[in-house]
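In the two complexes below, subunit A is the common chain; its partner is subunit B in one and subunit C in the other.
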Partner chain A sequence: MTIIKSSNLWFKYSGSSEWAIREVNIEINEGEFVVLAGRSGCGKSTLMRCFNGLIPHFYEGEMIGKVEVCGLDTRENPTYILSQYAGMVFQNPDNQLFALTVEADIAFALENLSIPKEEIRERVDWALRVMGIEELRDKSSLELSGGQKQKVAIASILAMRPQILLLDEPTSSLDPFSAKQLIDTIISLNQKYKITILIAEHRLDLLLPYASRMIVIDDGRIVLDGKPREVLDKHDVMPYGVSVPRIVKVATQLKKSLGYSFNHVVPLSVEEFVEILRRWRN
Partner chain B sequence: MSTILRGLQFYPGKTVIHKLDPRVKLVISLLLMMTAAIYLEVTIITIVVAVEALLSIIAKVFSRWARTVYGAAPLIILVFLLNVLFKLSMPGQSLGFQSIYEALQLAYRLVAFLASFSIFFLTTTPEELGMALTKMKVPYMYTFAFISAIRFTPILAEELQSIIDAQKSRGLELEKGNMITRLRRYIPILIPLMVNVLRRSYELAEAIEVKCFGAKKNRTYLRELKMTKRDLTVLSISITLFTLAIYVKLFVKLNIP
Partner chain C sequence: MIVFENVEYVYPNGFKALRGVNLEIESGEIVALMGENGAGKTTLLKHLNGLLKPFSGRVLVDGVDTRRTTVASLSRKVGIVFQNAEEMFFSPTIYEEIAFALNNFRYPEDVIQKRVGWALKFMELEEYRDKSPFLLSGGEKKRLALAIILAWSPEVVALDEPTVGQDILQKEKMIQIIRQANQQGKTIIISSHDVEFIADIKPRIILMSKGRIVKDGPAEEVLTDIPLLQECSLLPPQIVSLTSRLDFLGIRPKLAGPEEIAVEIARRLK
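What follows is the complex of A and B.
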């Protein structure tokens, strides 16, 4: 079932002469795990803002076309309604936590929505459990590591029980280990809780093995869209500022020098590559 | 100055005083201050300070509390000197025992004031303060502003330090020169700080927006203050004692220093 649909979407920020989004037609289905790739400033963040009503309600500018999220027209529904369907997590966790305890931060949106106290308590417990951060409940965000902060930021959005999670470079300020941990948690949200994920990221090697779809954006346009394996097999993504996972490069190089195509399968993880090599040897 | 500020910072604990409703604590501090305000007698103010000391011992923050009072010494001395000067400037006054004694009394009263504030802030978390504001019907927007100010102060302090480091590594010298050149040297620090603050505020606004700030008129609260029996008992005892203090002031002739 289609959960996000944009037709002929164009957007220009007020005060800018360039279109930030150009002619985007996209349909995203329930349960998908979509990776948005492209160089910084290509329009990934702008596109995500279109999906939860920050555009056109919070950012001023010129919007052409139509976006529907869970059947709701984003023009006609304010961000606080859309946020309950498509929750957004930003880059810098520090600017997404404004309360004095983790619990208060997770309850914040629910309190604003005037949800009864008992239900808030249940949902906060659930969000803490899902993100695996129950022990942080009474901590102040000043005591947390970057990875923990970002988990709290995700939990504070998850508490609204959105069907879609939009993540805008959530690991950009994290060290490799915390980034891997965070991405594993995000993957579990998709696999275990069936939350549709849209994530803009540069760390493709961690994401692609699990992603169901890869969309490459350049200069506000969707230039490539498909299963990660197919996109990487058929196209060179380097010109769009996307770094190809190292294992893909190794496989491509091997193919060239050995002259063997490995049945046109692009490995996305080391395990897959080992499997392909084993099959090839036999 | 920093010692005084530290005396106003919350120190976590689990004592009876910490558990008291912040509104009750606020009332007690105000009553203690008012007692110190209506009396000038050294004996009475000593009693007030002694009560405050006792409270700080119960709350296990005595050493911090004492440090606040000690840290306020320069301020207290200043008030004392100003009072002496003020007295001298009045016509027909000379520097005698009486005027110095009166100035001392006023300075001593300030000790009681500060000490009372200090206990309140040492034993009340910023969240409790926020909750108290909410209960006192302060609009949530202001409570939110208050809480986020507390939340972001350490972050901004960190940012300030990194800007200072960055500018120093580019050759900016902050410690040289007279007052005015030194102040001028702070411009390359303040401008980036302000730009950062503005940028951050935009990001914050966005994050608050997606978290539905202001969506509904009647916000719910996960945690709310609730007066317990103990709070009410403590409150009534304090009010009774204060009434007694007023009564004594009005109807009993005190013959004590």
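What follows is the complex of A and C.
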């Protein structure tokens, strides 16, 4: 079932002469795990802002076309409604956390929606559990590491029970180990809790093995859209500023100049590549 | 030359950020400080120009104890580009942003013009000379932050997490700039947990964990020590993960470019 749909979408920020989004037609189905890739400034963040109503309600500019999220026209529904369907997580969790305790941070948005106390408690418990941070409940966000803060930020979004999670480079300030932990949690949100994921991220090596779809954006346009394996097998995405995992480069090189095509299976993880090589040798 | 002798540093809240650091950096080196967030990398960087002074032990920059001099005089030798440098821009134009420090150092006007011109050219920012720094893209802001430092030509350039939020094209550009500055004789010190970026530069690596140096050696050695990297919350470069599992092809764990590894795999598959 289609959960996000944009038809002939264009957007230009006010004060800018360039279109940030150009003619985007997209349909995303419930349960998909979509990686948005492309150079900095290509339009990834802008597109996600279109999907939770920040555009056109918060950012001023000119919007052409139509976006529907869970069947709701984003022009006709305010962000506090849309954010209950599509929640957004930003690069810097510090900008999202402010309360005295983790629990209060997660409950804040729910209190504003005047949800009954009992339900707030249930939702906060659930969000803490899903993110694996129950032990942080009574801590102050000041005591948390970057990785923990980002998990709290995601928990506070999840407490709104959105069907869609939009993540804008959520690991960019984390060290590799915390980044991997966070990405593993995001993967479990998709696999276990069936939350539709759209994520813009440069660390593709950790994401692509789990992504159902890869969309490459350049200059506001969708230039490639497909299963990660197919996109990487058929196209050179380097010129679009996509950080191709190193093992994909090794496999591409083996295919291009050395004649090993491995039946056109592009390895997306080290395990997979090792398996392919093992089979090939035997 | 930079020397750390048994340096300890404790923040006012009691956090022991450095616990006995011993270190020598020769002029002309490229050195990467690696380790998880909180390992002490940024604290160490801030000791290079005296922004922080050791609690005990000492830091010598060209033989001068950082406690016996000022940040202003050390800054001429050591320029640090902080991670959030772009949040500190304040001038109406990019030209003035770069000229600001040079004015403070009381360089004559013609020297300032020459140096700003050179820095703009080196960082490929010439076309933005009279624009506001706030109109630059993320990658351009990073380059401006570096241009500001390079303009006063310090012998040592330190970069704190230069690749955060940067895409692959911007990272490649950053590597090119680092190499060029090094070829011009600059000592480069990079604090980073971006393993793939550091793997491409292949510098001497100082691996830190919990305020201590746990390993100091060439990239080829440090980045192929998978158990040690994991202890320090770092993941090995993907090429090292791959080659560490290719025993059955007779390939040893190795840090090399994708092309080289592809050739080696092809040779072993034959």
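Everything below uses one rule, namely that the second predicted complex is superposed on the first by the 279 of 282 C-alpha atoms of A that agree within 3 Å, B and C clash if a C-alpha of one lies under 4 Å from a C-alpha of the other, contacts with A are read in each partner's own complex, and residues count from 1 in each chain.
Methods note: a residue touches a chain if its C-beta (ideal position, glycine included) is under 8 Å from a C-beta of that chain, and two chains touch if they have at least 3 such contacts.
All values reported here derive from a predicted model rather than from experimental measurement.
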Discussion item. Between subunit B and subunit C, whom does A:Pro245 touch in the aligned arrangement: first, second, both, or neither?
Written reply: second
Worksheet entry | Touched partner set for A:Ser7, first subunit B, second subunit C, both or neither | neither
Discussion item. Under the stated touch criterion, which partner chain does A:Ser40 make contact with: subunit B (first), subunit C (second), both, or neither?
Written reply: second
Worksheet item: Between subunit B (first) and subunit C (second), which does A:Leu142 come into contact with in this model arrangement: first, second, both, or neither?
Response: first
Practice prompt. Using the touch definition from the top, say if A:Phe90 reaches subunit B (first), subunit C (second), both or neither.
Written response: first
Discussion item. Going by the contact rule set out above, which residues of subunit C touch subunit A in the complex?
Written reply: 36-38, 137-139, 164-171, 193, 195-196, 230, 233-235, 237-239, 241-242, 245-246, 248-249, 258-259, 261-263, 265-266, 269
Worksheet item: What does subunit A use to touch subunit C in their complex?
Response: 38-41, 91, 145-146, 169, 172-178, 180, 202, 205, 238, 241-247, 249-254, 257-258, 260, 270, 273-274, 277-278, 280-281
Response to the item:
subunit A contacts subunit B in the complex at 52, 54, 57-58, 79-80, 83-84, 87-88, 90, 92, 94-101, 103-104, 107-117, 120-121, 124, 141-142, 156-157, 160
Worksheet item: Once bound in the complex, which stretches of subunit B touch subunit A?
Response: 125-127, 130, 144, 147-148, 150-152, 154-155, 200, 203-223
